[in-house]
């Protein structure tokens, strides 16, 4: 044993012990009580800070969960169900069951279906074009195609289809945060049940004009004729303001309504191909969801 | 082998320099020449492996509140050992790496790995992780060093590639060159990652 | 020469119709009168389909505090009560009337005599303006009687009459001052009485020397009214800029002119006030400039409210071949029309037809941070920053940078060498910030 | 005069971040917003000055007399970590407002290699106690300066937009490179 | 009838656009180009040509292959950068170094940030400083221009710049007066017309001033930055000069020698990298003026303009944040 | 095994234990490396001395004399002094201080120089290590220069400065000059080959 060794051991141990003691007492004296579960929950959240939950970021969401001890009113749309279950477990609570949803674009007014009426020459923003009421097609409700929804999506789940000029939602990426719905000035996007194997049926139109003017602007507009309403065996379809809407909680994907629509404004996704009935125009081909 | 992925993880997918962007100071500071990269990398790898090992082994003996303090003592010990050994046996290399050897202590990679990995796992994965991270770091800074040495000094591993008095782009071995090289390297890595979907 | 200091631009004036005397447009066969023509709450329709009505008869009643009456501009039969896409671009409820003859309400004095003594009291003036549906004709169509009701605790010191007409191309105010100056001056007197002030200034830019001379000449008859020639600079017609130019007073950010003791009215409004008070005539027609470089006959027309725009254009020589854009209003602040069927409303000061080659904006490229937009902004804002914030949807930050101060004059976008759609984004941002503030109020 | 020289040298000529490559991680990490970078800067100035004071005393009253200079690294880092933690705990309780503003950056400082690096360098440079503390404060101020400049530029880039491929670290590093290039102009001032 | 176009107001536009502004700057630089060709011969034309073509090429290539955005090389900004880069190097710089400089200017300083208007630093100056630090020998050996009115170009001989002579001499303990009395010293008149060693665009104060006046008249630049910059430099150097005229150069010489005029009117006014509000521009100008003199007097380099401008570029976003334009109605007027 | 909880006792014990073990390990390694470190630094010195002087057979590091802050290493061959190596420094470098080892022959002429510690800019100031620059000094007799002063050509001297690194070159001259001055003053060199022993004793410690 030589001197240096002894000094080294003593001094470091002394520093270690003294610091540990000071630290302990300081920690005792200056203790701030903060629920440790906040950190646990925050760790489990995705940290995207997207605001989809309606709160100011993930940390706020964690604090809210811990404060309210109630998960039923709080929901992070981004977290997987597993993550929510984990959070619930950490909190000792039940996670509310929730069927997965997805954003759906309810407009098929591509250039072909809804011909150009005026030239728009302004900021590339749907909100602005909407404020000018200047959809190039003339449909006062239709998609403006300037992509506010695309910009708003934090998950790269919407992109513009170059040929149709309409936004397309990706089945894989969309987490149903609803940002695009808020972004769209024309309320075209709707959250609907994701559906088994991503199968969905919906009216791809939001035009509330009467049949005549609607049809004048766009060949695939819903004209409010009500044929689908009559056809639906489950009363899932309602007609309000000349516009049909399929209630996804009632719809059983029987596919009866789609063929009767005279304008082809009902859209099906990811179903196996129907047997082709001769003579029926293939309108859906214009827009197929990815 | 599943254990192997702890090792390969650090090489590319979670490369500490290019992907995690930790330990940036030595990455920028010592990479004026390729050889420094290897020296610094070796030293860091040594510390990483042994501190990961120690921490994984002792993790249950350390109360949470003094966790960081304990980690730091452990890391600092190995760093000092490296410091002393290099001083004794590779004095020339030691002279060039200078202050950055003691600073391995605060190299974010090491404490980061201690916190994020070693603390939660067993000894073998911890060693493999340390080794992978260390080698990943070594590769990265050697690459940086090579680029900067070639552009700035016209040589690699001290072998002159251009005529003795040819003009080289000096700035690459000066601080701005370090930042710029590093910036574009990360950009290229990101692009490659995207392209090849790694 | 008086003018405002901060910012401003001088676009090509192009006052093509400055020499064209006001002509009366023949009655159309059908009019469509939107019933919500003023800033504020919409009015309630009081006639029914099939009703036969007279010119000047009330067809919609303003019920809220800030709203105003609408009168029929023609006589004939109400054919339907539906909606119309008006100049604002939105669908609005409207009354369609098929014109039959031109039978006026008897209470209206249709003689040409100029009546100069003001018999009504202040209160009577205010209720008369309310009854006759007078709104500001300078653009904002704010109900005029509301302007005369000074809020508690405030006091008006001066009336400012806006004869600036700083928008290029437009000449309706110019012609009006020149041809109906005397009546207009009486209108000013009435407004002064309504406001209980003794001093009024009429600000006119120097590019209307004949109007200035004319008014100077007759102003001797109207003590208390002073004519102020102003340097030509856009947007001097903005009320805050006008007050600054004439009185060197600055309306504080977010406040109204009354804060500095001023009320601003347009010359056309003054004339309408004269007609309403002295002749009991509701606001059923107005002077509209129809102009454009390729137009055969740029004109100033006295038009009944509700006349479709294409009739005005036909009268002025028909729609030119090379038309690319038709604007309701001037080139700086007007709105591009999507259809030529829209009716003339109380706020329509001009119809401008731009040829194809002038109707497109210059290509948009990156902002070069040249700060021209900043230097021309009459409100001292940073349009480039505000537009970026709005484009990036950080509206809270935009609010902190005072986006709501923007008067939408368009100077910034006019001057931007990179062709950035600054005002588009500013409008969007203002809109969103407005919503945010309203929601905040709710909470 | 000597002191002024030390300050200029530490602040501008040999800026920690831009010329000496210390504290790069927080420099890249906490420079997104000017407001946060100010908070971080203030915290770093405080901790660095305090740390240098303590490490100076340890060096010359414990390590040197006992001839255990080789323990420098381990004792210094230990002391720094300890100090940071104590400051954090105390601030949280005693001045919650200040904690909200600065406290969140404190844990980041432990792994800021500038703190340890400067403590070691100050000892190497044979500064007196006062000089050492001044030196550390000036270095920390230099750190703050670089941080704020960086944050200003990054904030602007956020507004104007930039190529997607440069997002994040590449952008920050290029800006740092150009800043460092500009700072070379201070060469030789002292 | 054509389809009607709709857009928000305004519907008319000023006649100036980015292209006309940029070409305006090029026009303003023509006198200086002539002077440099006169004094340095075809060498300087060679440098300008290489620099401009390299800048245009890199701008094009990066936009086409890396950014994959719209091609905007004909907006003139790369042309301006090219000429200004050439203006900032000696006329005998090897071609490959000029190309490296152009790559740095356009590739690193401009396109990395997204191109026109997004660069926080002045691209030409980044290029120049990069070269200066990388190739100190080549970047600091300036061909001596031929004497005024003589016909031959003495391109082989290199020598120091006016500021170089002064700095070197002062460091060696000589006084300003001794140095200025020396026969090799260019003097005020030569500095004015351009018969001095230096980078090829900076030598003639008169030619640059003509261009500056053109830019001011066409409103390509405003007076704020130049006046603040030159003013603060004159005042600061004037104070030093009054304190000790033997050790400090007089303000007139500071203005005429080196890149002061070029920097003040052409480089500090670069829009992308300078503050936007008039107040901010004045702060920026004053800062640059002080830094220039500080670096010239106490720094390692004889010339401080480039560094001073780059350093102030770094402060620009902060200045923009701190010095907002005066808003209308900001001061609540109590009547 | 569960993690120990954070009680005072556990905290202290755990930290104490770790500190103890670690410092002991450190002390151990320190003891192991102490001698090699000393040897390494001595080897470096000896190597430098060897490089700057002709062959010698004594161990100059044991006979060092420190005068005015410079370290002098006397070298002898068979007892006969063959020169001094001087460890000198300058503060005037581009990045501050750097150290040189200068070998003087008994007659005051320079035999050779090596650069020890330096922080000059790579590629610029570091060129002083290259023979092209430093060999200019070999066999140079400062005493025969103008004012016995070593200067770069720019300052009216004889040394070709490294291009773009005049500052480093000047500093280099400064370091050598300092060594020369102190050497001449204190070791009263007999230039014409006077008695060796006086020379050896000359140093005033």
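Per-chain numbering from 1; labels A, B, C, D, E and F assigned in written order.
The criterion applied here is as follows: contacts are C-beta pairs under 8 Å (C-beta built on N, C-alpha and C of every residue); 3 or more make two chains touch, one makes a residue touch a chain.
Worth saying up front: this structure is predicted, and the values here are computed from it rather than measured.
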Inset, instruction - Please give the intersection of the contact partners of subunit C with those of subunit F. - result: A, D, E
Inset, instruction - Return the chain pair with more inter-chain C-beta contacts, choosing between E-F and A-E. - result: A-E
Inset, instruction - Average the CA atoms of each chain to get its centre, and name the chain whose centre is farthest from that of subunit B. - result: C
Legend entry - Centroid comparison with subunit D (C-alpha atoms), farthest chain: C
Legend entry - Inter-chain centre distance, subunit B versus subunit D - centres from mean C-alpha coordinates, in Å: 21
Inset, instruction - Express in whole angstrom the distance between the two chain centres, defined as the mean CA positions of subunit A and subunit D. - result: 43
Inset, instruction - Express in whole angstrom the distance between the two chain centres, defined as the mean CA positions of subunit B and subunit C. - result: 70
Inset, instruction - Using mean C-alpha positions as chain centres, tell me how far subunit D is from subunit F in Å, no decimals. - result: 33
Inset, instruction - Could you list which residues of subunit A touch at least two other chains? - result: 4, 8, 11-12, 15-16, 19-20, 23-24, 27, 117-118, 121-123, 128, 132, 134
Legend entry - Of all residues in subunit F, the ones touching two or more other chains: 11, 15, 18-19, 22-23, 26-27, 30, 124
Inset, instruction - Send over the residues of subunit B in touch with two or more other chains. - result: 65-66, 69, 73, 76-77, 80, 84, 168, 170-171, 174, 176, 180
Legend entry - Complete list of chain pairs which touch one another: A-B, A-C, A-D, A-E, A-F, B-D, B-E, B-F, C-D, C-E, D-E, D-F, E-F
Legend entry - Contacting residues of subunit A [partner subunit C, same complex]: 117-118, 121-123, 125, 127-128, 131-134, 138, 140, 151-152
Legend entry - Sites on subunit E touched by subunit A in the complex: 3-8
Legend entry - subunit E-facing residues of subunit B, complex: 167-172, 174, 176, 180
Inset, instruction - Note which residues of subunit E are touching subunit F in the complex, please. - result: 136-137, 140, 168, 172, 300
Inset, instruction - Spell out the part of subunit C that touches subunit E in their complex, as residue ranges. - result: 6, 9, 11-12, 168, 240, 244, 249-255, 260-261, 319, 322-327, 329, 331-339, 352, 354, 356, 358-362, 365-371, 374-375, 377-382, 384, 402, 405, 408, 410-411, 413-419, 421, 423-424, 427
